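The following block contains the structure, expressed as structure tokens.
As written, the chain order gives the labels A, B, C and D, with residue 1 at the start of each chain.
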Amino acid sequence: MRLLTAGESHGPGVLAVIDGVPAGLAVSPAEIDADLRRRQLGYGRGARQKIERDAVRITGGVRQGRTTGAPIALQIENRDAVNWERVMSVEPVAEAPDAVTRLRPGHADLAGALKFGHEDVRDVIERASARETAARVAAGAVAKALLRVVGTDVLSETKSIGDVSSVPTFDRDAIEASEVRSSDAERSRAMVAAIAAAREAGDTLGGVVALRASGVVAGLGSFAEWDRRLDGRIAQALMSIQSAKGVQFADAFVASRERGSAVHDPIAVRDGAGRSFEVATELAASRAASRTVRTSCWRWRSSRSRR
Amino acid sequence: MRLLTAGESHGPGVLAVIDGVPAGLAVSPAEIDADLRRRQLGYGRGARQKIERDAVRITGGVRQGRTTGAPIALQIENRDAVNWERVMSVEPVAEAPDAVTRLRPGHADLAGALKFGHEDVRDVIERASARETAARVAAGAVAKALLRVVGTDVLSETKSIGDVSSVPTFDRDAIEASEVRSSDAERSRAMVAAIAAAREAGDTLGGVVALRASGVVAGLGSFAEWDRRLDGRIAQALMSIQSAKGVQFADAFVASRERGSAVHDPIAVRDGAGRSFEVATELAASRAASRTVRTSCWRWRSSRSRR
Amino acid sequence: MRLLTAGESHGPGVLAVIDGVPAGLAVSPAEIDADLRRRQLGYGRGARQKIERDAVRITGGVRQGRTTGAPIALQIENRDAVNWERVMSVEPVAEAPDAVTRLRPGHADLAGALKFGHEDVRDVIERASARETAARVAAGAVAKALLRVVGTDVLSETKSIGDVSSVPTFDRDAIEASEVRSSDAERSRAMVAAIAAAREAGDTLGGVVALRASGVVAGLGSFAEWDRRLDGRIAQALMSIQSAKGVQFADAFVASRERGSAVHDPIAVRDGAGRSFEVATELAASRAASRTVRTSCWRWRSSRSRR
Amino acid sequence: MRLLTAGESHGPGVLAVIDGVPAGLAVSPAEIDADLRRRQLGYGRGARQKIERDAVRITGGVRQGRTTGAPIALQIENRDAVNWERVMSVEPVAEAPDAVTRLRPGHADLAGALKFGHEDVRDVIERASARETAARVAAGAVAKALLRVVGTDVLSETKSIGDVSSVPTFDRDAIEASEVRSSDAERSRAMVAAIAAAREAGDTLGGVVALRASGVVAGLGSFAEWDRRLDGRIAQALMSIQSAKGVQFADAFVASRERGSAVHDPIAVRDGAGRSFEVATELAASRAASRTVRTSCWRWRSSRSRR
């Protein structure tokens, strides 16, 4: 699967082209719109989110409710593009718009201006913008439709905002009910208050999001080459999100301070047949267990005959 | 530039092929060997490191001391391969070697065995092994030779081992003098002691390494597409190292708890001409400064005429 | 540079996303439209070409007449999409449209139906269609704008249609004036007549197109790896056009019957300085010359000092 | 599957790394050597072929007769490398070897020297050499082992050398018995005589090779994007061979002069069940048949239920 996205923040819209989606997959605009709406919700999102109310238009690769094997084209119109026609004009306008020259720290403004020698930083900020993630969310909704077929579910939960943190439970209903996507209602309120306080002070807050993928097909990625490893590919995908500055599996940075016996996931036999197994990732319980496992270890007995 | 590596831990050797290195770059085996030696040093490395004493043999792409533009082939012999000839035989041996069936937690053993249906886990562990990083280190030495030409320097320093941490100073001599690559001599001794204690207990320790790239050419990566972003590509490369489980830029996970005004690198004008600038990354000083910068911000005035 | 295209023949339109175009390149819709119009002209094109009158809409990557470095999005509306709304509906319609079950020889219909198990071959033919080349022509117009900056010109001329052939002269005005893109006015008329006769008989004709790239920057492609060779990449690009079934450099298949001395391009020194040279591709003259060149050969004397 | 090759004509050897070969595939050095031997046979090959007698050494990815899923490393030693140690030395030698300055027409010498600014053309010719195909042949032998598992067979036969041509019959035994890989014994002798005469005159000959792939799995490649089309990818692979200058499917250049009804492969139902079919590629018989097929066409009735 390959993905290219295009479009600027204040241009006519953003779009995604996904090549390599197999034919016969059920995909509907409503399903994609639901994810676009989740992207726009959330306490503290700018007023613009209300203007946008994104809706996808599928202009390729889906017919009569199913993918055809052709590249899938997803388009999301920018609702306020009409107000930006002169500034964003494809063709030169008589009276050139004022150049943006203010560089924001923590953004790609400076790097982009240097890369291409732009005098008007708008040529960078229109693309190096969180708006681009709308196209990724739409593409992600198609990916999730594919994952659903193989039984994989991906869920995210806010772990902390500023100095307010909670322990993710991955209770989907509770998460969806929270303005800040935390399953802990009390902490949700504290997070909302922290955001309000930071905004009041003309400042911003960081945060940590936890992701859980369950029902993952064994054997994704590969140990063969560095660039096929699943953890590396996940790290790239997450770090490529504009505001992401760190990626860890489990509590890697905290775990780095502990001994190996305390942090490795145990490998356990699920039944006596010797061919079912599980990797426990629930940390509290598994860490205790893991010590035993590490000494006894698990023996691999596949009944599959050699091909 | 493309990189493929091959070779098993106990096979005849590991190798790397690098395509896309420009011609005319000075590359010498001695320079690569120096990095291979640095990989093998370090307190607590297995006894095997003494056996190995890796040395590269360049079998393609370099002639009379310079690259030719052809793919560069780097080969590192496994010194003890002779003891593994029967087990690692390319052709089937009469008396098949015993299968490895013990799965190590924290390794690719289980995932690899499931991916390919291996009954002998040796088919996984021989490749999903830290030995493969020798090929990467050799390739990295060539990459560093290229970076040197454009004035970029990359340096790493150990930030913590177990619960012993130190503040990186990136003092190259001090780092190279330390058995654990920390510039702090006292902390180095404490780290060595921590490793010795863990080993005594039949256990292992984690750690954190800090990397600094200086003199980086502005404009690497791109804001255009998700998979061209420099931070995403760095994250993938680092996470693909076998034991890496987390990557962060600066102290991202700690910084996520602070306000934006406290953590963004300021963008500062270096002189009055309005075209020289710097991004301060020295944290103590810059964070204070950054607040000012954030309010006044920096205005982009390129004297470059439109192309 | 990467290119993805999307969109079906009777859907809302086709589009192209081009990633990797440098910033600052002058690009205008009018320039792209001129190439789209050239695609639609030509004697014997279906009646549909009159309906279409393609026009590009640039929805990303170009602002105030210049590229910004962001991905370029090119959209071409299908003018008759309104007549196909039920058949091409993204969402399932109550009364499912009739399935197409007729497989055309010489098309991807069968292969596509087998690949994805389609029962309605429309799921293949809508994408495996010459309509898709409209997106490629638009993308090609951007590529030509880039080539123009480096002084490269690409021109094509019809060499034969059916059994009527002419010798390409690459006289641009004469080619553009011909309904069949041959610079020979008399042969153009004969080609038109051949097309009319075949059409009358309910049949089709093949043909050969010659391409000439002049002012090509030396050093494109590479001898380093098989997939970087320029001739291989050109061959893929040309063969990927739906009706293309053969690619040759110069008259390769005819030349294969001659001796090497008769067919190799000579390498000639253009002046006495020893550093200017030319590769003659004008065949009649050069072939005679090449024999001399082949025996005396040309000696490479670069005055460039070793880097 | 990814392939990189490395190594120079007179260096220590050439090698190939193949990533992405599934585990469990039977691969043996003897099988690869058989293909390397076939590459070296053939009337008119240089004397060097006798020196070489290539043999592969597998140094990664194969264990106990089967692939493991790790990258496969194939190494072929250059038998006469010892005579070239000074000229090909990786490290600079005291007395620099004479530079090659003679540029051969029809080779990459000029393009390569210009690309990298080489003064010694040996830096190009050592890699832009037919010797590199030894690595590709070895990699191809592994690919053929994989194809065999899915029932695909690839066979080539010489169609013409100079002005001597024969009609390919794809009789494998007859082809293998011929010094020039033509199944026609009499034409083989004429081809040998033509080569001898050209060599006598200090000249060379071109030729045409026909390839047949049978038992091809339906659905390789895709109609979705230009760079996934099977014909384009085959064209690139073939054109990337150093001396290849043309690629056609069937007799495309001749066929371009005929009407469509005469050249398209018919699509025929093989039995009454309506789900078995064939694409006839045997030209003499099929072309007659194709006219009928084209009018009646074939209707696609898959009994597969919609997924």
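Operating definition for what follows: a contact is a pair of C-beta atoms (placed from the backbone, for glycine too) under 8 Å apart; a residue touches a chain by one contact, two chains touch by 3 or more.
As the structure is a prediction and not an experimental result, all values here were calculated from the model.
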Touching chain A and also chain D, the following chains: B, C
Between the pairs C-D and A-C, the one where more C-beta pairs touch: C-D
For chain B paired with chain C, centre-to-centre distance based on mean C-alpha positions, whole Å: 43
Averaged-CA centre spacing for the pair chain D and chain C, given as whole angstrom: 26
Chain centre separation in whole Å, for chain C relative to chain A (CA means): 38
Contacts with two or more other chains, residues of chain D listed in rising order: 4-5, 19, 24, 69-71, 112, 115-118, 124, 127, 222-225, 306-307
Contact footprint of chain A on chain B as seen in their complex: 3-5, 101-106, 108-119, 121, 124, 127-128, 136, 160, 162-163, 198, 201, 203-208, 218-219, 221-227, 229, 231-240, 244-250, 252-253, 255-261, 263-267, 277, 279, 290, 293-294, 297-302, 304, 306-307
Touching residues on chain D, where the partner in the complex is chain B: 2, 4-8, 11-15, 17, 19, 22-24, 28-29, 57-65, 68-73, 88-93, 96-97, 112, 115-118, 122-124, 126-127
Complex contact set, residues of chain C against chain B: 19-20, 24, 69-71, 222-225, 228, 306-307
